[in-house]
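Think of it as A, B, C, D, E and F in the order they're written, each chain with its own count starting at 1.
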Amino acid sequence: MTSDAYQRGKAKAEATNPGIEETLRDRYDDLLPGFSKTMMEVPFGHYYTRGVLDDKTRYLTTVAALTALGGQTAPQLKVHIRNALRSGATKYEVAEVINQMALYGGFPAMINALNAAIEVFEAEETSDD
Amino acid sequence: MTSDAYQRGKAKAEATNPGIEETLRDRYDDLLPGFSKTMMEVPFGHYYTRGVLDDKTRYLTTVAALTALGGQTAPQLKVHIRNALRSGATKYEVAEVINQMALYGGFPAMINALNAAIEVFEAEETSDD
Amino acid sequence: MTSDAYQRGKAKAEATNPGIEETLRDRYDDLLPGFSKTMMEVPFGHYYTRGVLDDKTRYLTTVAALTALGGQTAPQLKVHIRNALRSGATKYEVAEVINQMALYGGFPAMINALNAAIEVFEAEETSDD
Amino acid sequence: MTSDAYQRGKAKAEATNPGIEETLRDRYDDLLPGFSKTMMEVPFGHYYTRGVLDDKTRYLTTVAALTALGGQTAPQLKVHIRNALRSGATKYEVAEVINQMALYGGFPAMINALNAAIEVFEAEETSDD
Amino acid sequence: MTSDAYQRGKAKAEATNPGIEETLRDRYDDLLPGFSKTMMEVPFGHYYTRGVLDDKTRYLTTVAALTALGGQTAPQLKVHIRNALRSGATKYEVAEVINQMALYGGFPAMINALNAAIEVFEAEETSDD
Amino acid sequence: MTSDAYQRGKAKAEATNPGIEETLRDRYDDLLPGFSKTMMEVPFGHYYTRGVLDDKTRYLTTVAALTALGGQTAPQLKVHIRNALRSGATKYEVAEVINQMALYGGFPAMINALNAAIEVFEAEETSDD
């Protein structure tokens, strides 16, 4: 029996990342039983599907946080930059959010995140062709 | 002679915080000559007035960053929560942004920020009477 | 209908903090519908009840993390120090874990956490009388 | 003349990392005279040999801290994961400690540390053959 | 028998904080045997007495680090601001170092540290009368 | 019309990094109009040219901060280590500042920064030939 949070989260996660639960399961569940299910249920089921905020705002606030937190989060930052673009944010809006983080996470964190964003923008443009 | 960035920043800062430059000057400029002017020119003139993002989104991304960075920023977090409310965000949207930061800054940072937000909401409601 | 994670987490949370869900509900659920339930379900249901580690080790690793992260987490640090003691850790073991964090979170973070721990130890001793 | 802390620390450090003082000396002592000796004396002599905690708990709390602190510590995280395994922790216990850090250092920090752990587990398994 | 590092560190620590080892011993050594001695030996004996840098530069770099790390370190930040002043730094130099940290630790961390510094400057001026 | 801060900052930035504004403009200004000019005006014009501190002290405090902040800042750390050397700091002084950060940012952050510094020292020595 699966919970409502799992159902909601799974639908949300698979919509943007088809096959994500299976990928996580293959990589992590032997080590941490139930890990892939928890990832559907917790970040997606309990957080990303709460409503109140539209997806674009959610992803932009996530980009803000990961930029301000600095270098630990480069792979996840790129995922959420991509999510922001696919939720209707322009690359100018994403860059603007990152730029402003100079005031909170410092200039090095901002520049590093901007470089990560440029990689995503270039990859997205190439993949559109 | 004052720069364009100063003019823009000063107008923006004074619109939400009347008298802010003078307050900063009285407190800090003896120690750090030009500090109050730099505060008008840099955060407000070079960042908060860049456009591309509306004020509400700007302040919500700032609330996200300050929550994720944890406890160092409580006084500034409250300022930006207030700014977000005055730019049209509801208290539910502010709470939602903070809540989501559990995933990035951890649960303790989220709870502490939520408590700071509740203090702001209560003060704002009282001051509306 | 409640999920298994909720049931597990609720039982765990209430065992050490009787009335916790109701306290959280009264304080946060108007602002963030479902918040108190998520707190039962996520930290307690999906993490603290996973097994593999005994409670004492879980709480000591949490004390380690909150010490290393520095000042944002004093209230939560105290909660987990108390949990560690109640799971069978001695105050010497708790102090030792904090002490070692000098190497990872720095000496100021360590001293501040040690001071928080001493407050907890003193309160616990008083309440035992 | 060497101090007691140096003697204790040196013995501890060489037991798990034979030749470590010489390696550190060759790399760092020209630049920072006495660096390798301080590394024996301080982390190992003043911290890792204090007793009260068994080695397994010490290394698991270190893994917790380095995970929560995020990306700056990947090389050191791997060293301490290896130390935890060699002190009797199973890979499941290590993974569990890391997993729980989602609540304190955030999900990106947790996932990145889990990926580092998997690299260590795979290298250890290969080296056992 | 005490080590050279202890002797050096003790002399350095007592020069600026008479009675510091005894204060630390009374507060912490029951809980953590040897803590006060380690504090003489490690930060003071292995770090603050290494030479190469003059005291003023050492303390200013410490003020820089504690500012950039944010709020966890307010009590220690004040200690090191005081140390910097007593090593010949002017209050303008201390303020300048803190001010520059806006670029690395963010504006909120900078402002909070500046407010801590002003408290120290005022207390020092009063105590000079 | 350009501001005084821009003029001062531009002169300072170009003195150590000839062509820097143009490099930044080509890479970032399409995405963030005015970015390269802000970089001249803000970090260099409003901070690095304020006087009170000599350049060597400024760069050493920056090295301290970036070390203590950990891994996010490796590329910027290297830039400022190079700036410190070119402002008259010896490699021993730079190493000493980094070494001391073990006490504030932890041993892993210190070691990682020391390794970054060694790369810079080796590159500088090679380029002197």
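A few points about this structure:
Heads up, the rule we're going with is that a residue touches a chain if its C-beta (ideal position, glycine included) is under 8 Å from a C-beta of that chain, and two chains touch if they have at least 3 such contacts.
As the structure is a prediction and not an experimental result, all values here were calculated from the model.
Any chain touching chain A that also touches chain F appears here: B, C, D, E.
Rotating chain E by 180 degrees superposes its CA atoms on those of chain F, with the angle stated to the nearest 5. The interface with the greater count of contacting C-beta pairs, when A-C is set against C-D, is C-D. Distance from chain A peaks, on a Cα-centroid basis, for E. Homomeric contact chain B/chain F is classed as same-residue, with over half of its interface positions used by both copies. With centres taken as mean Cα positions, chain B sits 24 Å from chain A.
Each chain gets one centre point, the mean of its Cα atoms, and the points for chain A and chain E are 40 Å apart.
Between the Cα centres of chain B and chain E there is a gap of 31 Å.
Chain D and chain E have Cα centroids lying 28 Å from one another. Residue positions 43, 50, 66, 68-73, 92, 96, 99, 102-108 of chain D each touch two or more of the other chains.
By the touch rule above, chain A contacts chain C in their complex via residues 1, 3-6, 34, 38, 41-42, 46, 50. On the side of chain E, the complex with chain F involves touching residues 43, 47-48, 50, 52-53, 57-58, 60-69, 73, 92-93, 96-97, 99-105. Chain contact summary for the complex, chain A toward chain E: residues 68, 102-108.
The part of chain D that touches chain A in the complex is made up of residues 70-72, 91-92, 95-96, 99, 106-109, 111-112, 114, 118, 121. Those residues of chain C lying in contact with chain B across their complex are 27-28, 31-32, 35, 43, 66, 69-77.
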